[in-house]
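Next up, some structures in structure tokens.
Two complexes come next, and they have one chain in common, chain A, joined by chain B in the first and chain C in the second.
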Partner chain A sequence: MGKYIEMIRIRFLMMLAYRTNYYSGILIYSINIGAYYFLWSAIYGGKENIQGLSITQMTTYIAVAWMARAFYFNNIDREIAMEIKEGKVAVEMVRPYPYLNMKMMQGLGEGIFRLLFFSVPGMIIVALVFPIELSTNASTWLFFFLSITFSFIINTQINLLAGIATFFLFNNDGLIRAKRVVIDLFSGLILPLSFYPMWAQNVMSYLPFQGISYIPSMIFTEGFKGSQIYEALLNQAIWSLLLIIPVYGLWILAKRQLVVQGG
Partner chain B sequence: MEYISIFFQYVGQYLKTRLTYRADMIVEIFSDLLFQAVNLVFILVVFGHTNLLAGWSKDEMIFIYGFFLVPFSIFASFFNIWDFTDRYIVKGEMDRILTRPVHSLFQIVLERMELESLFGVVTGLVVMFYAGDKLGLEISWYDPFIFILLVIGGALVYAGIFIALATIGFWSDSRTDIMPMMYNIGNYGRYPVDIYNKVIKYVLTWILPFAFVGVYPSSYFLKREEWYTYAFLTPVVGLVFFLIAVTLWNVGVTKYRGAGN
Partner chain C sequence: MQNIIDVQGLKKEFKSFSSRSGLKGAFRDLFTRNYTIKTAVDDISFTIKKGEMVGYIGENGAGKSTSIKMLTGILTPTDGKIVVNGMNPHKEREKFVKTIGVVFGQRSQLWWDIAVQESFRLLKKIYNVPDQQYEEHMKDVIETLDIGPLLDKPVRKLSLGQRMRCELAAALIHNPPLLFLDEPTIGLDVLVKLKIREFLKRINEKYGTTILLTTHDLSDIEALCERVVMLDEGKIIYDGPLKELRENWAEGKQIQFQFSEEATLEELQHLTQEHLVVWEKGESDLVWVASVEAEETVISGVIGKVTAAKKIADLKILEISTEEIIRNIYVEGAVRHG
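On to the complex of A and B.
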């Protein structure tokens, strides 16, 4: 356990060295959320609510979805692909800890850093400028933090899968990009899933992606109520466990067919 | 002339390297298509809940998106400099660029081109013709020429903004996360600028003039006469921003100190 905490700490310190950039990032995120706000105001065009979400809830949804993204988002798929291409992965695999766990911990270090230095100040600024409703209910916050923890796990597992695929494809920038687009769309980052037509919602309810953005954002905006929250969290928990199987399966296959191209 | 011949030699080499990883190239074109589909899905889903967006119909919005894809794809094929600071400044690669006989910016364009993005031009045209047909738009003999002019203007706007941002790397070599977000802000130029408040409208017109890549030039083809002045300003804005960016670049290069290797 100690070694994992150390990995998180080191990554955190690494990010801290570059913290000034994050202030410019917050500004850009705020502009982004602002433009979304006006776009959605135009879409609502005076309507009280669409699919049970009021315009204030919608703005909150967009803001929290982007801020939560800063926490669960990481580039470990690209890092793994790079280490495989450069042959570094061979050395990494000799080290006395599981490679995949190490990558996950690095991602967590990055996520915690962004949560503290990016999402929290960003959310405060956005809340001052735009009409956003922050819940005063402690249990909502508790469920939200539990939910984004699951978001991180699910998103990281999908990233690991995309990264490991490099073992088989050698060059998989295209796959990584496609994965990112699919997640943006199916996770509910761009649009709440309840806005989609029924048949599309049915398809998406069988996929793990809604656990990445839609569920935590809906919990935060209190779009989910009562038993819906528990069902949603259970859904995330099940996917977090289920995805372990393909990750380890693919990893075992990958190790067998490892070709080091350089190093 | 020499530049043109070097350009085509690079294109030749590029095709060879891409064809080595054919499976990846196909996935990449597919992922581009997917990305373009996402934006269409957004428009379709939104118009499932409303009929007009600030007085613009669904087909008009789709048309604007189709137009936007053309200059954007040209930009994306040749100006892949969003990771300039990381790739060239931090890693010291800029040293190598400066020893090359062509202009440093041109050298980077050559090295970083991604020709498969040009496929987006086709998608854009298909989308435009589909939406234009539904709107019953008529094409005059001079429209293709105006189209080309506006597309060049739009591509230059994009190139200008991203080159200018990349030059920040010459002064400060720390990583910035601005670039990926900029791609997002670029999307807002596709919506009728009336919907934004004054500040954002001003930013999208004169500071980060992304509106000149989407709604302004498209309004010419959509016969929205109130925007014609802006539509015809597109090539001028493109040229001005591109020239400013290249000037910044030239000044920046003299400030480059090298990060060591």
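On to the complex of A and C.
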């Protein structure tokens, strides 16, 4: 356990070494949220609510979705791809730890850093500028944090899958980019899933992506109520467990055909 | 003495894909690919005993790195048996790698953006090294490698020589009984090389660390290893003491004369007709090289005859260097056994 905590700490230090990147990041996220706010104000016009969400809930949804993204989002798919391409994975393989777990911990270190230095200050700025309603209900916050933990797990597992695919494809920049767009779209980051046509909602209910962004944001905006919350969390938990299977399966295959490039 | 490394009939094959030519070929490549099977390591067997320092040499692409990668558990062998430290490297990877240290000269093990000591601290946690053992052992390592002042600098700010010394220290944090060094002195200056060699000798004496070293710099091998394993095209072509290799191959000596007046081949051959001498012209008309047997009477005889008849400006007796020996071996493709 000690080595995992140490790895999170190291990642934290690495992020601190390049912290200036984050100030510009906060600005970009604020602009994004602002753009969506004005877009949604125009769409709502004078309407009280659309698909059960009021305009304030909608703004809060967008703000929270972007800020949660800062926590669950990480670049470990790219890192794995790069380590494979440059042959650095050889160094990782001579260390006595499970490679995938260590990568996940690095992602967590990155996520915690972003949560503290990016999401929190970002959210304060956004709350000052736009009408956002933060829940005062302690249990909502609790469910929200539980939910974004699952978001992190699901998203990281998908990233691991995309990263490991490099073992077979050698160059999978395209796959990684496509994956990013699919997640942004199908997870409900850009548009709440309840706005999609019914057939699309049906398809998406069988996919893990809604657990990444839609569920935590709906919990935070109190768009989900009562048993809906538990069902949503259960859905996330099941996907978190289910995705372990393809990740490990692919990893075992990858190790078998590992060819260290360069040397 | 027990065997630390025991390799029997080790083999590694790679599939290498080739692309078809032209646009039509490119489309066909989308569906089926042509490939050829390339054997990188072809049925090699050797054992290494505890405390040995072995040089593992070969040309680029001879299969050195591939076999090191199989020995360290990174690659799975296609066929054959490997037992290192009593374990199968690939099957028991996590347990196994705790008992070895690895330095890849061309790849960094340290984390690029953070201070060296942070990397050390993380590695200490990863290898589960107790505080006391770490303090004792690393104090010694840090002192001998002289890296104390570098510890609080990020790796990206270190020079290659500084980084390499830190890499070596990082590989030794858990004081492993077996150390793999893959071209550890590549691109380093003489002073750093000497320091690293001294250090390796020291840990070999102090802890009985077994060291397997690959390098292109034969002076490393001369300074450190008594035994060499030589690879060519995936096969072991020589395994034995370095001394024997030299004796069997460096049979003759060369005497280089620089005359102050012009000399001709006939003239020189005539002068030394009693001995078996091969004359070759050197860099200029005035320089001639005589290849002779390494026997005192012959050498002094030839020198005596030539210097009595002709005025010379300079005289050198050249011994064939290890590098030349190795080159000869590769040219001939096999090793003569003495």
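What we mean here is this: the second predicted complex is superposed on the first by the 262 of 263 C-alpha atoms of A that agree within 3 Å, B and C clash if a C-alpha of one lies under 4 Å from a C-alpha of the other, contacts with A are read in each partner's own complex, and residues count from 1 in each chain.
The rule is short, and it goes like this: a contact is a pair of C-beta atoms (placed from the backbone, for glycine too) under 8 Å apart; a residue touches a chain by one contact, two chains touch by 3 or more.
Bear in mind the structure is a predicted one, so any value in this text is a computation, not a measurement.
In the superposition on chain A, A:G2 makes contact with chain C only, while chain B stays out of contact range. Of the two partner chains placed by superposition, only chain C is touched by A:M93; chain B is not.
Of the two partner chains, neither chain B nor chain C is touched by A:G226.
By the touch criterion defined above, A:Y18 lies against chain B and chain C together after alignment on the C-alpha atoms of chain A.
The larger set of touched chain A residues comes from B, when the choice is between chain B and chain C. Contacts of A:G52 after superposition on the shared chain: neither chain B nor chain C is touched.
By the touch criterion defined above, A:L169 reaches chain B but does not reach chain C.
Taken together, the two complexes place residues 18 of chain A in contact with chain B and also with chain C. Those residues of chain C that touch chain A in the shared complex are 14, 65, 69, 72-76, 93-95, 97-98, 100, 102, 104, 106-109, 111, 113-114, 118-119, 121-122, 125-128, 154. Those residues of chain A that touch chain B in the shared complex are 18, 20-22, 24-25, 28-29, 31-32, 34-35, 38-39, 41-45, 47, 50-51, 169-175, 177-178, 181-182, 184-185, 190-191, 195-197. Only residues 2-3, 6-7, 10, 13-14, 17-18, 87-88, 90-91, 93-98, 255-256, 258-260, 263 of chain A touch chain C when the two sit together in their complex. Every residue of chain B that touches chain A in the complex is listed here, in rising order: 21, 23-31, 34-35, 38, 41-42, 45-46, 48-50, 52-54, 174-178, 181-182, 184-185, 188, 191-192, 195-197, 200, 203.
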